[in-house]
Amino acid sequence: MRGKEIQTKDKHIQNLAKIVGGVQSILYKKEDLLAYDCDGFTIHRHLPKAVVFPKNTQEVAEVVKYCNENNLPFLARGAGTGLSGGAIPLNGEVIISLVRMKRLLSVDLENRRAVVEPGFVNLKLTQSISDKGYYYAPDPSSQYCCTIGGNVAENAGGAHCLKYGVTTNHILGLEVVLPNGEIIEIGKNGIPDQPGYDLLGLLTGSEGTLGIVTKITVRILKNPEAKQTVLAYFDKVSDASQAVSDIISEGIVPAALEMMDKTAIEAVEAAAFPVGHPRDIEALLLIEVDGISAGIDEQIHQILRVCKNRNVREVKVAQDEKERERWWANRKTGFGAMGAISPDYLVQDGVIPRSKLPEVLERIKKISEKYGLRIANIFHAGDGNLHPLVLFDAKKPGETEKALAAGSECLKVCADVGGSITGEHGVGIEKREEMRFIFNDEEIMAQTNIRDVFNPKNLLNAGKLFPTPGRCVEVKKERKEVITS
Amino acid sequence: MSLKESDLKKDPACTINSLGNYLWSDPPDENKWADCVHCGMCLESCPTYEQTGQEQHSPRGRVHLIKSVAEGKLEVNEAFADPVFACLDCRACTTACPADVDVGGLIEEARGQIRQAMPLTGWKGVVSKFFLQGVFPNQDRLHLLGSLLKFYQKSGLQKVVRKTRLIHIMPEHLVEMEAILPEVKQPVRKKYKHADVIKAKGETKRTVALLTGCIMDVMFSDINEATINVLTRNGNDVVIPQNQTCCGALHVHAGDREMGRKLAKQNIEAFKDAEKVIVNAAGCGCMLKEYPELFREDPEWRKKAEEFSAKVEDISKYLHDTDFEKPKAEIKTRITYHDACHLAHGQGIREEPRNILRSIPGVEIVHMPNADRCCGSAGIYNITNPEMAGAILESKMKNVPEDVEIISMGNPGCMLQMAMGVLKYGRNQRIVHTVQLLDWAYQKEDSLKEGKG
Amino acid sequence: MVATELLTELKSILPETQMEAGESEGHPLGNGGRLIVYPKSEEEIVNILKYANQSGKKISVIGGGTKRGFGGLTESADLLLSLANYKGIVEHTVGDMTITVKPGTPFQELQAYLAEHHQKISLDPAWPEYATIGGVIAANDSGPKRFGYGSARDIVIGMRVVYPNGTVIRTGGKVVKNVAGYDMNKLFIGSMGTLGVISEVSMKLRPLPKYESLILVSFEEGNLEEEIRSFVVRILDSMLEPTSLELLSPSLSERLTGQKRYTLAISFEDVESSVHYQEDFVKRIQPSKTKMTILQQKEAQSFWNQFYKIGPNGLQHTENKETQAALKIGVINLDVLKVIKESQLIQDSNNLLIEAHGGLGHGLCQVYLKGASEDILSAIQDLRDFVTQLGGYLVVKHLPLALRQKVDVWGEKPSYFFLLEGIKSRIDPNRILNHKRFVGGI
């Protein structure tokens, strides 16, 4: 918005500006770059070298080619809502922002697919096709603003992935710019099971380390005929988690099955979308079933019966779409709502076998006591994806470190009970070291080997996803490359 | 090129009240950004982010920068001023924010610092000073301007200018403005100068004071007329305190908080006897409600400001809450409603105006997608940032349904901007204030009655 | 090297009882081994692979043997690693709805076990009695219910894979949602055993449906493509949630239903009220000039059980004058109509029996051919040309070795072949596993 010409002697900046079409499409001054020093994960920060805003695949490819030839580290960024730091320019990367590639390219209802550019916002897809009765299933809580490109990179989940799966289950095809600037199409024409290794599956969730996605073919679904949402308040966490197991054992696959504990409820009630939950309950369940209308009532009755058997204090069915939306807004803004009760928070993203929930919550409580930090729990209970939110105040000396340690310990607990360290947020910078909780050196090397096939110079989003090298020789070598490049 | 804090930290400023690199009094309030966890839920709500896709032009980006100045990582300079002043102050982010971060408040405070650090110079400075300090707060000069405008219109000069295409020598965005300037009638403050109180029609149930607004009264006096009509029709005695002045919103938006305080004090005094202060301009209403923010460092006035703010009410909400009389005459028309930012996001008033419109028999309301998206008017933003304002207006107009006859709203700035949009994009909707429609319905009802009688 | 020498070398790592000499004559489907080894533990798999890797031996991997005619250019590798004896359930947590099994477990055995717990793996591969879970995953097989079920990539949550150098790699985990690191599971699903030997699979489960039914709608001759298409579009655009929406060619329909007509198989699995409700809907929109049959519960199940046996089974291969082939074709969903029609046309113009079916909700077709080998080869070529024009692909899933050497099983290499090649050479640099069984001779 300011200045009509590039005001720097840096030839890389000048050349990059030429590729993307001038001063309007590049940021390189410190004041502008500062806004790009982190994404939704704010604990680590680093300034990028520049931010470029390509308009099309060709420009992306040219920027990538330029960076590759000049050994400039680079990475792709969408809306920057990631919670694990995947878009933080740790090595002073050139950030390739894809937010201006935000078109909905085509919708083919009969063949149930849509093609979007990576900067297209998740929720907008559903909004664009909802009048025809269709929707896009993955619904991360940040769907109001996160991009589908980012969703692919992180293999984003959401509240409704219990029944419908995560992003990878809904991606049919991708156009990808490889780290050398070459453009390839995988999942050609969005046809499944293409001959060859499943690169589509591999790329999805690779956290932007294998390539930059520039076009995405997604599967869209027909709206379920009926949808019912139940809210249940419990005086005991154990009753609530037992109710979760009971619902599943009944043979019901809810579209969503969410749990919040007392501290989480306190936050959402203090924030922008209060529902009026009682403050003295220990846990609430938000349960949604959808499908054929003829079968829904039966399921709702089963759910209500299960809740009553587990000593529910109050249980109610949403009376209309407005009420349902309010319950969901309250839940979906849960992370941001932590701002209302704490200056800072750190969200973890462990996954546990559902049956281990009471044990895990008990152990998280102990961690909270040990560090003297409050921990709120928001939980995709249906699929065992637990979000402990460690509340802290970064202004207090040492508290950030304490929060990080507490978060890490929560993940250790998840790993110990046979779970995973991340269910939908990705590893990023945040959980690199915690990868060791679930993978040994050889397993990590098996993964970096794959990365090297795509990203041999490791210029693309280096330093993410994998632990800093330990014994692993292969990884050591790669660190050297980053330093020298 | 990592940013080392030691490189950037400067010697402590030798002023009191400083916060990082904010060296002047009334710096941005730390508590306001403490709630921001950088989640990004605000991004899509922000019109300037929608246009640019750039973080520094997003709410969380701006908060991040404002915070960085306090942390000593940035200085208050031109580069910082750019994103801070590109904000429309539309408050959509406040609605979107899960933690209720007051981004608008932070922006205004930051602007205050910027204007103290670097007073405006050159053409912008002159224009800004002329309007903000010379015209808006000065009733006589405003009226004079209004009279000139009136003369210009009545004399047919407007037609001449338009016909002869003289208008084309004006910068494009001013040409567009010119074309839609409303026909100026007599301001109500002039008209009712000697009336202590405008009596309710029928039994008096309540007494209210009316903020006539500066621009509103000069350029949109018919809306003030309509407001008085609907108020008296609904049993309200209306008082127009004569020593009231401009609300100061434009000054505060522009970073001139000192002027803002001056005007605030005058208005607080002017309305001190009123029980209810009725406003028909969303921007003004929002400002009046936020007067306490201006006096964070002055407890005595802060208290007065708080008492005052509690009395302020938007006309649509007031009518709605006092159970206004439903009109009986039919106005057959298709209307879409635009949420003025300072009504929807600033004051949380969304349903009340729509309910008023719905109460008029024959009115069909057509949904406008993204109705609460800023139109780009934003006070004098369309004058200071014409390119951005134009782009935002274009997006807005795309959302106006094709088949409506009227676009209704509750803010004069929006009305001008939307009228410009209608003209620019060859649409044919009329732009109308919500109370005007209600007033027309009442008038039609009366004339039908008279006709019958 | 002959079998006896291999046996001598392997004796130190595997009991002799777990080895036997391979087919002396060679198998018409190829993909055999001079020595067949039957490991019973992961450790034994590790040792076998280590041995082969170090001594430059080639290994062919086999489960139930149903897919023996799928890819591969050699008659006999050095070793045929059979996982048939490495079977059983490792862990089943009923409440978590996950299961971990050994790769040699036959699919049907697994489903029968799970049914006792009212659970199932939502997959319906061919020949479930013989096909092992490891084979189903390695070949990425799916059946007519894929529309509702998804495929192996939607079900597998974790694996243990023995790499050619003997390293055991865990991918994924035992929880249903997991994004830690690369999604390595995907790499092995459908990789035709060219990267590693799957030694354990964890999957998520679904509740057994409380009720199921199947509607068969058969269409009279006429403007089929338009009539079937508009009916299918109507179904897809409705609230119906069919688990299958499979179009059967007249020849296949004749075998399964006795009606030589294009037949649409629409199945529902849900609570009983919902299933009937959906049947009613379909009845209401039944196109004129069609015949509708509704099979409930057991009847539906037995229909499907027949269905799973329509293709050639590598295990039961017998030398015969007639050659059998199976193809997998992928196109954009509704183009399935064109493919099924085309295969019927090719049948009529050649002296072949071609039976075909395809899912209109996902675009995958299976085509089975029977006849003289020259005719089969030319039909494959014709179909491949046709499908390529639609932007799709054709893979030969079953064909005798001699013919496989004449036709490109996988079709043209993709433009990004170097990535596939790169992955293979990183993991299996000595190319010991299922050599040349996959795309581009990987």
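In order of appearance the chains are A, B and C, and numbering begins at 1 in each one.
As a working rule, a contact is a pair of C-beta atoms (placed from the backbone, for glycine too) under 8 Å apart; a residue touches a chain by one contact, two chains touch by 3 or more.
In this text the structure is predicted, and so the values were computed from the model without any measurement.
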item: Centroid-based (C-alpha) most distant chain relative to chain B; value: C
item: Identifier of the chain whose CA centre is least distant from the whole-structure CA centre; value: A
item: Inter-chain centre distance, chain A versus chain B - centres from mean C-alpha coordinates, in Å; value: 38
item: For chain A paired with chain C, centre-to-centre distance based on mean C-alpha positions, whole Å; value: 32
item: Distance from the mean Cα position of chain C to that of chain B, given in whole angstrom; value: 65
item: Two or more partner chains touched - positions in chain C; value: none
item: Residue numbers of chain B (touch at least two other chains); value: none
item: Interface residues, chain A side, partner chain B - complex; value: 1-2, 27, 29-32, 34-40, 42, 45-47, 49, 51, 53, 79-81, 92, 97, 99-100, 102, 119, 121, 142, 144-146, 271-273, 333-340, 343-345
item: Complex contact set, residues of chain A against chain C; value: 109-112, 133, 154-155, 157, 161, 165-166, 168-169, 184-186, 188-202, 204-206, 210, 222-225, 245, 248-249, 251-253, 291-295, 298-299, 351-355, 380, 383-385, 418-427, 431, 435, 438-439, 442-444, 446-447, 449-454, 465-466
item: Interfacial residue positions of chain B with respect to chain A in the complex; value: 1-3, 34-44, 52-58, 61, 64-65, 68, 73-74, 77-80, 82-83, 86, 95-101, 388
item: Residues of chain C that touch chain A when the two form their complex; value: 93-98, 118, 140, 142, 150-151, 153-154, 163, 167, 169-171, 173-187, 189-191, 195, 206-208, 210, 233, 236-241, 270-271, 273-274, 276-278, 328, 330-334, 361-364, 391-393, 395, 410-411, 414-417, 419-420, 422-423, 426-427, 438-439
